[in-house]
Amino acid sequence: MNINTFLELSGTIAFAVSGTNTASEKRMDIFGCLVIAFVSAVGGGSLRDLLLGIQPVSWIQDNNTIIAVSIGCLLAYFFKKRITKLRKTLFLFDTIGISLFTVIGINKALLVGVNPAVALMMGISSAVFGGVLRDVLCNEIPLIFKQEVYATACLAGGLLYLFLRQLGISEPFDLIATSAFIFCIRILAVKYKWTLHF
Amino acid sequence: MNINTFLELSGTIAFAVSGTNTASEKRMDIFGCLVIAFVSAVGGGSLRDLLLGIQPVSWIQDNNTIIAVSIGCLLAYFFKKRITKLRKTLFLFDTIGISLFTVIGINKALLVGVNPAVALMMGISSAVFGGVLRDVLCNEIPLIFKQEVYATACLAGGLLYLFLRQLGISEPFDLIATSAFIFCIRILAVKYKWTLHF
Amino acid sequence: MNINTFLELSGTIAFAVSGTNTASEKRMDIFGCLVIAFVSAVGGGSLRDLLLGIQPVSWIQDNNTIIAVSIGCLLAYFFKKRITKLRKTLFLFDTIGISLFTVIGINKALLVGVNPAVALMMGISSAVFGGVLRDVLCNEIPLIFKQEVYATACLAGGLLYLFLRQLGISEPFDLIATSAFIFCIRILAVKYKWTLHF
């Protein structure tokens, strides 16, 4: 398993956890939660693959994604027993998800040969879409609207990633550094209530 | 016309009826209803075809789908005159729609050569997506969230279908038996208020 | 640059303005507005290309679309300073967007070789989808539901376009006449409160 697959599966698990949390808060039944977890985990990646013309989409090829989603659901189940403030868990795993998917999205887009500005937009869209789908299906106001520096964190991280690649930083480090950077920006932005209004 | 085409067109009509009902309840105009009917009827199938890499999507090839949607709209118009409880009609036709689309989705996915677990997810997603699109466009809380055993019925039916195929049941019977099974589960679940909470 | 590209970029700018307006009204930050502008500008066209099997989707090939979206965002920023009634600007640019995208959608679909009825549905879907995505992401009731003669204007315009082509009207004129026609219908419909209820 290479680093890309590993990060994508981690992102998938994180989005599955956040999906299960949102769905179970809405009092959906067990398999309803599984479906929402699945949709929020594969939504972003599917959109990315479709737009880039990678077909059939990647999660269809093997059982890895379905296993990752199931792990995410189980994790969410055990997390729920321990943690009372569901909102915080949801926020945490949603943030891990968008951090990883932004970087993977840009990376995949560049491999297909699109130019950097398009790749950046592709990374952000794929990161944001899974969570939006989750929130829309659960009839929640999308987090992208409620959380201040949401898309901005992805954009800043994406620019950093393109810059690191330009500098010639080798593969695992640029991916990990950027993901960590996006994660930190969003955590700090929410903690210190950063705003950047129009 | 083979059994697959027949079931798909029946599902299309059912979703068109449910789409027209939801839209007309929201006081949209005639052609607004037609568009919502169309979107909810082709949404699930389009998603399925796109993810599986079947392109252009199936409803583009001929006029059958557009005729089926038009029939659905006319049916909805006459049903409306007779039936006062719109909610019940909507529920009935939405249930017929998801029953048929679950089975067709799994079937098409298996033909493309994906493994059974993925095919199952594909069937459920394609069944659920048309109705979700309808509800989101009409700014309704998606039925998937309000109705208890919604995705669960599709999942149970999907498992039955894969089991019947394993047993070697021949083509028309497995499709029809599974659709009827999903339909019954959901009717019973709502009637007797079955729940399966996380 | 041919007339098709010119109209598509104009539609893109119009939807980017309407996206920025909606997002900034929701008090999103600068880059959040950029993302919503982007999604509402490319949503319809991406759906059209995906359904028709044109892949990768057209906006990925070059930087034109991203530049058009950026222009739209800047325009929205300057418009905001001058115009107090945001609703009206949003309505105006949304109407320009759907007028242009209906015609382009039908045109592209006919080039791929689908029959006219399908092409008509494709044009309407692609015109409506960008704005719907914008409204759903911003947790607004989609304009398609609130504005009376919304889809109807696209349908009427689409029929006119197919008729003009049948008459043999040459390329730039049929496109421009139809766009203007859709634009006028919707403006008049809202001004004089036309309704067409089911």
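By written order: A, B and C. Residues from 1 in each chain.
We take it that contacts are C-beta pairs under 8 Å (C-beta built on N, C-alpha and C of every residue); 3 or more make two chains touch, one makes a residue touch a chain.
Since the model is a prediction, treat every value here as computed from it, not as a measurement.
*Asks:* Looking at where chain A touches chain B, is over half of the residue numbers used by both copies, so same, or under half, so different?
*Replies:* Both copies touch with mostly different residues.
*Asks:* Note the rotational component of the Cα superposition from chain A to chain C, reported as an angle of 0 to 180 degrees in steps of 5.
*Replies:* In short, 120 degrees.
*Asks:* List the centre-to-centre spacing of chain A and chain B in whole Å, with centres computed as mean CA coordinates.
*Replies:* Centres of chain A and chain B (C-alpha means) sit 29 Å apart.
*Asks:* So which stretches of chain A touch two or more other chains?
*Replies:* 50, 55, 136
*Asks:* Which residues of chain B touch chain A in their complex?
*Replies:* Residues 50-53, 55, 112, 114-115, 117-118, 121-122, 124-125, 128, 132, 136, 141-142, 144-145, 148-152, 155, 195-198 of chain B touch chain A in their complex.
*Asks:* Can you name the residues of chain A that touch chain B in the complex?
*Replies:* Those residues of chain A that touch chain B are 20, 23-24, 26-35, 38-39, 46, 50, 55-57, 59-63, 66, 77, 80, 136-139.
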